[in-house]
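Given below, in the form of C-alpha cells, are the structures.
Shared chain: subunit A. Partners: subunit B in the first complex, subunit C in the second.
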Partner chain A sequence: MSKDRKRLDAVRRDVGVLENDLFDELLSGCIGRRDFMRHGSVLGLSLPLLGGIAGAVFGPTLSPRRAMAAGTPGATIRIGIGQPAGAIDPVTIADNGGLVLLEPTGEFLCRTGPDLVLQPQLAESWRPNTDGSVWTFKLRQDVTFQNGRKMTADDVIASIDRMADPKNSANALSAFKGILQKGNSRKIDDHTVEFHLDAPNGNFPYVLSTDNYNLVILPADYAGDYEKTFIGTGPFKLEKFTPKVGASFVRNPNYWGKPALPERLEYSFFGDQQSQVLALQGGDVDVLQQVAFKGAQALFNDPNIDVMSIKSVSHQQVHMRTDMAPFQDKRVRRALALTLDRKKLVAGLFNGRASIGNDTPFAALFPSSDPTVPQREQNLAEAKQLLEAAGVGKGFDVKLTTERYMEIPDYAVLLQNFAKAVGINIALNVEDQNAYYGKAVFGQSDWLDSVLGITDYGHRGVPNVFLSAPLTSDGTWNSAHFKNPTYDKLVAQYIASPDLGGQRAIAGQIQRLLLDETPLIVGYFFDELVPMRKGLAGIPPIANRLFMEGAHFT
Partner chain B sequence: MSRLLFKRLALSFATLWILSVLVFGAGQVLPGDPARAILGPLAEARAVAVLNHQLGTDRPLLVQYWDWISHFVRGDPGMSYAYRAPAGPFIASALGNSLLLGAVAFLIVVPLSLFGGVWAALHAGRFVDRAITLLGLSATVIPEFVSGIVLILVFGVWLRWLPISATAPRGGGFGSQLFHLILPSMPLVLVLFGYIARMARAGTVEALAAEYTRTAVLKGLPRRDVLFRHVLRNALLPTIAVIGTQTGYLIGGLVVIEVLFRYQGIGTLIYTAARAKDFPLLEAGVLSVGIVYTLATLIADLLYAALNPRVRFGAGE
Partner chain C sequence: MLRSRGVLVGVTIIGFWIVCALAGNAFVPYDPYADDLLATLQPPSAEHWFGTDQLGRDIFSRVIVGARDILTLAPVATLLGTLCGTTLGLVTGYFRGVVDDVLSRVIDAVLALPLVIIALLALVALGPSNLTIIVVIGFAFTPIVARTVRAAVLNEAQLDYVAAARLRDETAVHIMVVEILPNVISPVLVESTVRLGYAIFAVATLSFIGFGIQPPSADWGLGISENYGLITGGFWWTVLFDALAIVSLVVGVNLLADGVRETLEA
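Moving on, here comes the complex of A and B:
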C-alpha cells in the first residue's frame, strides 16, 4: 500500500483542486469504486489512471471493455430495431430506431459506459477550469472520417455549433439551452477545443457524450444527405440503406481504433414490438435494440434467448398540477404519493426488473444521490390524515391523462386502484402519443396542461435534464407547473457543483424538498431489456445504446 | 358499354377528388404538427418552428392543398415531410409490395374458396357441406392479427418451416420473395375463404335449382357440361363482384399483417404517414389505394357485364 500511496501522492501533485477533492473522498471512504471511477471520468482523468488508483484502494477488477475484447471476428449480426420515424439525419432524428442507426458509423467525443462512467472516444482527455465554466477537450489525432479525411477541431466545433444554432432545426438544441451557445466553442489548435459555458457546469462532458443522442461528430462541411453515406468516424461504414426496410454496414478497414469484430451488421426495421419479439423467436434476427417488459414476457421463457437486463434511470413521471385544484395543496399531492405500494408496482409491472423510486429523479444509480434520504412507503392512514387536513377528507374526482406507451396504461390503472383506497377517484384518459404531447407547448398539449398525467423519461448519465426542464420555474417541460425559487437555486448550485461531495450535499436538499413538495411521483426506475440469441456476446450493457463493435457468437 | 365505362370513369374521378379533400381535412384534425412529429416532443419550440417553415407546413391550409393537388395532377406527388425525399418512389414500392402480397393471397384463396363453395353446393346438406361452411365461417371471424400470430408461432417459431418476415433477404430474388409471402398470405386466405366460399356456394345452389339447369340435364347434356357451361357461369357472377370489393381491403387494409410480418406495404405507409402528419405521403398513399380500388371495382363491373348479357344490354340501351 505504501508504494501505491507514493504513486498516488505523485499523481496528486500533477492534478488540480477538484481532482484532489475526489481523491480525498475516495480515501476517506465517502465514495466507492463506482462513484470514484464515474466522477473521475467526468473530470477527465484517464480510465487506466482511475482504475489503477481504485485497484490500489479496493483491489483489481476486470474492466467491462477488456471483458468484451475477446471473441471470434467475422460474424454477420442481424439486429431488429423500431422503424425510424423519418429521414436519418443526426441533426433532426429523435426516435430510438433512428438514433441507434447513428451508432455503427458515428462517434461521440466521449461515451457513457456501463455504470455511467464516461469513456473517452474521439476526445482523449478533458479538463475543467477551477469553477467548471470552461472545459478544454483534447482530441485524438489519429481519427479519420470514412471518406479518408482527418478529423480536427474544426469538425468538432462545426458539429456542436450546428446543433446549438437556433437557426437549424436541431433536435439537440434543447440539450444545449442554458449550457453552451453557438460560437462559444473555440479552437485552441487542430486537436484542442475550449468550451466557454453559459454557467459553470460540473457534469458538462455528459452534454458532449452519448447522453446527447444526436451529437455524433460530422465533417465540418456536412450539408445533409446523411442517408447516402452515413459519414462518421466509427468502426463500420455504410453498405446499403433502404428507407423503411433496413440498413447494412460492413467493418471500416481504416478505423482508427481496434477493428470491429463483426464483419457485417444488418439492421431490420419493425413497426411494433410484437413483430420484433416474434422475429427473434423465429430466428430472423439475433438481437433487438431494446424491448419494454410488457409484451416481451415470452422471451424470458424461451430457452434459445438471453435477455440482458441493464439498470437504468429511465422512468415515468406522474405530474400533479401544483397551481390548480385539487393538487395545489402539497398535502394532497403527498397523500396520493403515499397510496402507492412501490414494491407491488415493481413486481407487477416488471416482475422485479426495476428499482423503487422516491418521488425525485435521483435514482440510486446516480452517484450524487443522497442515500440517507428516507424512502417514501405506502401509508394509507397518513394519506387520509393529509387529505383531512387539506379539507378533502371525503376524497375527490380527478382525471389522469396519459400516453399509450410501454407499461404506462397499466401503471395508470394501478395508480387508480391505489388512490381509490383514500377516496381519490381517478378517471383515466389514455391517448395516442401524438395526442398526448400535442404541440408540446403550454396551452396546446395534454402533457403540459393536464391536472394529473404520466410521462416517459429516457435514460441519462446525469440527472441534470430531469432536474431542469420538468421542474424549474421556467422549465419548458414543467407539466406540474412547479414554481419554487429555493428549488431553482438548489438546482443551479447542483449543476454548477464540480465535485461529487458538493453535488451529493445539494442532492440531499433537493431530494428532501421534492419529497416535501411532491410535484412528481416517481414510482420506479425500470431496467432496460436487450434480448438476444443465446451465444451472442460482447454487447456492452449500456442503457439506451446498442454498441455492436465487440459483438460475436461464442 | 362505352357509356357505362365513361359514366363509371367520371364517377371515379369525382370520388378520388372528394377523397383527397377528406384526407387533407382529416389530416388537419390529427394532433401535433409535422416538425414536432419529426423532432419529437422534447425538441425546442424554436427548432420545431424552423423545421415547419422549411417544410412549408406553416403556410395557410388552402395554399398547402393547392400546392399539393396542382403538382399531383401533373404526376408529381411531392416530397415526403418525414423522409425529405420524393413521395413517388415510396408509394410505388409500397404499392408494388401490397399488390404482390394481395396477388399471392388471391391466387391461393380464389381457386380454393371457389372449389370449396362449389363442392359444398354439390354436396348440399351433407357432412362436407357443413364442414366447409362451418370452417369457413370460423376462419372469417378470427381477426388476422390473431391468426397471424398463431401461424407465426406454429410455422415460424416451433416448426421453422416458413420464414416470419415477409421481406426476403437482399439478393434473394423473386422466388425467395414469393416464398416469404406464403405465411403472411395465410391469415388473409383464412379471412377471405369463408366469405367467398359462401357466396360461391349460394350462387351454385341457386343455379343448380334453376330451370335452365333442369332443362340442360333433361336434354341429356353430360354432368360436366351442365356444371361448367350452365351452373358455374351463372353461379359465379355475384362472387366476382364480391372478389372485386375485397381488393381495397387486400391492398390498403393490411396494416396489421404488414406490421406483424415486417412488410412495407401501402397500408403501413399510409398509417405511419398519418401518424407523422406527413401530408404528401398520406395523400398520395390514400389516392393510390383509391385508384386501385376504383380500378378493381370497375374491372369487376365490366367482367360482370361481359358475363351477364342482361347488364350489358341494359347499359347499352
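Moving on, here comes the complex of A and C:
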C-alpha cells in the first residue's frame, strides 16, 4: 500500500486542484469506486489511471472494456427498432428509432459507459480550467471519416456550432442553452479545441457525450444529406437504407479503433412494441432497442430470450402548476405527493424493475445525490391535514393531461386512485403524443400549459438537464411554472461546482427545497430493458443506447 | 316482430347489456375501477371469474359496467347520422337538378373517406372527446343514410299526392316533412338499426385507436387497446372478454335489425 501511496503522490503532483480534491474524497472514504471513476472521467483523467488508483484503494476489478473484448467476429446481428419518425438527420432527429440509427456509423467526443462513467471516444482527453468555465479537449489524431478524410478540430467545431445555432432547429439546441454558444468553440490546433462556456460547468463533458443524443461528429462540410451516406467515423459503414423498412451496415475496414466484431448489422423498423416482441420471439431479429415493461412480460418467461435490465434515471415527471389553482399552495402539492404508495407503484407497474423516487430528479444512481435526504412515504393523514390547512379539506376536482406512452396511462389511473383517498378527484385526459407536446412552447402545448400532467424524461448521465429545463424560472420545459430564485441560485451553483463533494452538498439543499415546494412528483426511476436472443453477448449495459461493435454470439 | 326467434335473442342480448349499463354497479362483485397492485394479471378463477388486468382490476366487473359508454355513444351517433342523412336525402331527392348534383358529389366524396381518416381530421379540429366520437360517426353515417333516403324520395316525389301538395302551394319543407317523410320512414328505420350495429363497432374501433373515451373507463374498446400488448405474454383474458362483449352486442343489434327489416317489408 505504501508503494501505491507513493505512486499516487507522484500522480497528485502532476494534476490540478480539482483532481486532488477528488483524490482526497476517495482516500477519506467520502466516495466509493463507482463515484470516483465517474467523476474522475468527467475531469478528464484517463480510465487506466483511475482504474489503477481505484484498484490500489479497493482492489482490482475487470474493466467493462476488457469484458467486451472477447468474442467470435463475423456475425450478422439483426436489430428490431421503432419506426423512425422522420428523415434521418443527426441535426433534427428526435425519436428513439431515428437516434439509434446514428450509432453504427457516428461517434461522439466521449461516451457514457456503464455506471455513468465517461469514456473517451473521438476525444483523447479533456481538462477544465480552475473554475470549469473553459474546457480543453484533445482529439485523436488517427480518426478518418468513412469517405477517407481525416477528422480534425474544424469538423468538431462545425458539428457543435451546427447544433448550437438557433437557425438550424437542432434537437440538441436546448442542451446548449446557457452553456455554450455558437462561435465559442475555438481551434487551438488541428487536434485541440477549447470550449468557452457561458458559465462555469463542472459536468460539461457530458454535454459533448452520448448524453447529448444527436451530437455525432460530422464532416465540416456536411450538407444535410445524411440518409445517402450515414457519414461518420464509426466502426460500421452504410450498406443500404430503405425508408420505412430498415437499414443495414457492414464493418468499416478503415476504422481507427478496434474492428467491430459483427460483420453486418441489419436494422428492421417496427410500428409498435407488440410487433417487435413477436419478431424477437419468432426469431426474425436478435435484439430489440429497448422495450417498456408492459407488453414485454412474455419475454421474461421465454427460455430462448435474455432481458438485460439496466438501471437508469429515466422517469415520468408529474407536474403541478404552481401558479394556478388548486396547486398554487405548496401544501396542496405536498398532499398529492403524500398519497402515492411508491413501493406499490414499482411492484405493480414494473414488477420491481424500477427504483423509488423522492420527488426530485436526483436518482440514487447519480453520485451527487444526497442519500441523507428523507424519503417521502405515503401518509394519508398528513395529506388530509395539509389539505385542511390549505382550505380544501373537502377535496377538489382537477384534470390531469398526459401522453399515451409506455406505462404513463396506467400511472395516471393509479395516481387518480391514490388521490381519491383524500378527496382529490382527478379526471384524465390521455392524448396522443403529438397532441400532448403540441408546439412545445408555452401557450401552445398541453404539456406546458396543463394544470396537472405527466411527462416522460429519458436517461441522462448527470441531472443537469432535469434540474434546469423543467424547474428553473426561465426553463424551456417548466411545465410546473415553478419560479423560485433560491432554487435557481442553487442549480447555478450545482452546475458550476467542479467537485463531487461540493455538488453533493448543494444537491442536498436542492433535494430538500424540492421536497418542501413539490412542483413535481417523481414516483420512480425505471430500469431500461433490452431483450435479446440467448447467446447474444457483448452489448454494453448502457441506458438508452445500443452499441453493437462488441456484439457476438457465444 | 317478437315472434321471430332471432329478434327475441337480439332483444334479450341488448336488454341484458342495457341493464348492465344502467345498474351494473349494483351487482358486480368488485369495484371495477379499484386497483390491486399485488394481484395484477391473475388468470380467471373462482375469485375473479374473468381474471384481473395489469392494474389488478377485476375484469368481470369491468366488462359488466363497460357497456355504459358504448350504449350511450353509439345510439346518439346513429341518431345524429340518421337525422342529418334523412334531411340531406330529402333535399337531394326532392329538389334534384343542380342541388342534387352538387350534394350528391359531396356525398360521394365523403363516402370515399375511410372512417379513420375522418376521425383524424376531427381530432385536429375538435380535440379528443366523446363529442368527437359522436360527430365523427354521425358524419360518416350521414351520406350512407342520405343515399338510401334519396332513392326512396325519388320514387315518392313522382307520385300524385306530392303533385297535389304542390298544387295546394304547400312549401317545400312542408311537402318533404309532412307528405314525403312518413312514406319513406320504413327504409329510414331499417337503415338506422343497421347503422346502430356499425356504430357499436365504430365506437369500439375509435376507442381502440385512442379517441374520446378516457381511462379509467371500463369501455370495451379502450380495454382492448390498453391490454392487447399483453396477449403475447399469455394474458389472453385481459382482451378476450371485452372482445366477446362487443361481438355479442353487435350480433344482438344485427338480429334486431333483421327483424325490423323483415317486419317493415312484410
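In the analysis below, the second predicted complex is superposed on the first by the 554 of 554 C-alpha atoms of A that agree within 3 Å, B and C clash if a C-alpha of one lies under 4 Å from a C-alpha of the other, contacts with A are read in each partner's own complex, and residues count from 1 in each chain.
One rule holds in what follows: a residue touches a chain if its C-beta (ideal position, glycine included) is under 8 Å from a C-beta of that chain, and two chains touch if they have at least 3 such contacts.
Here the structure is a predicted model, which is why all the values come from computation and not from measurement.
Considering which of subunit B and subunit C touches more of subunit A, the answer is B. Within the superposed three-chain model, A:87 lies in touch with subunit B and out of touch with subunit C [touch as defined at top].
With both structures placed on the common chain, the touch criterion links A:274 to subunit B and to subunit C. With both structures placed on the common chain, the touch criterion links A:250 to neither subunit B nor subunit C. By the document's definition of touching, of the two partners only subunit B reaches A:440; subunit C does not.
In the superposition on chain A, contact of A:295 is made with subunit C only, not with subunit B. With both structures placed on the common chain, the touch criterion links A:412 to subunit C but leaves subunit B unconnected. In the overlay built on the shared chain, the residue A:348 is in contact with subunit C alone; subunit B does not reach it. In the superposition on chain A, A:421 contacts neither subunit B nor subunit C. Residue overlap on subunit A between the subunit B contacts of one complex and the subunit C contacts of the other covers 272, 274, 278, 281, 432, 435. Those residues of subunit A that touch subunit B in the shared complex are 83, 85-87, 89, 92, 94-95, 166-171, 173-174, 177, 240, 243-245, 248, 268-272, 274-275, 278-279, 281-284, 432-435, 437-441, 447, 469, 476-477.
For subunit A in complex with subunit C, the residues that touch the partner chain are 272-274, 277-278, 281, 294-298, 301, 344-345, 347-349, 404, 409-410, 412-414, 416-417, 427-432, 435. Taken in their complex, subunit C has these residues touching subunit A: 33-35, 37-38, 40-41, 54-56, 123, 127-128, 210, 214-216, 226, 228-230, 232-235.
Of all residues in subunit B, only 30-33, 35-48, 50-51, 54, 81-85, 90, 94, 149, 152-153, 156-157, 160, 163-165, 167, 170, 258-262, 264, 268-269, 272, 275-276, 278 touch subunit A in the complex they form.
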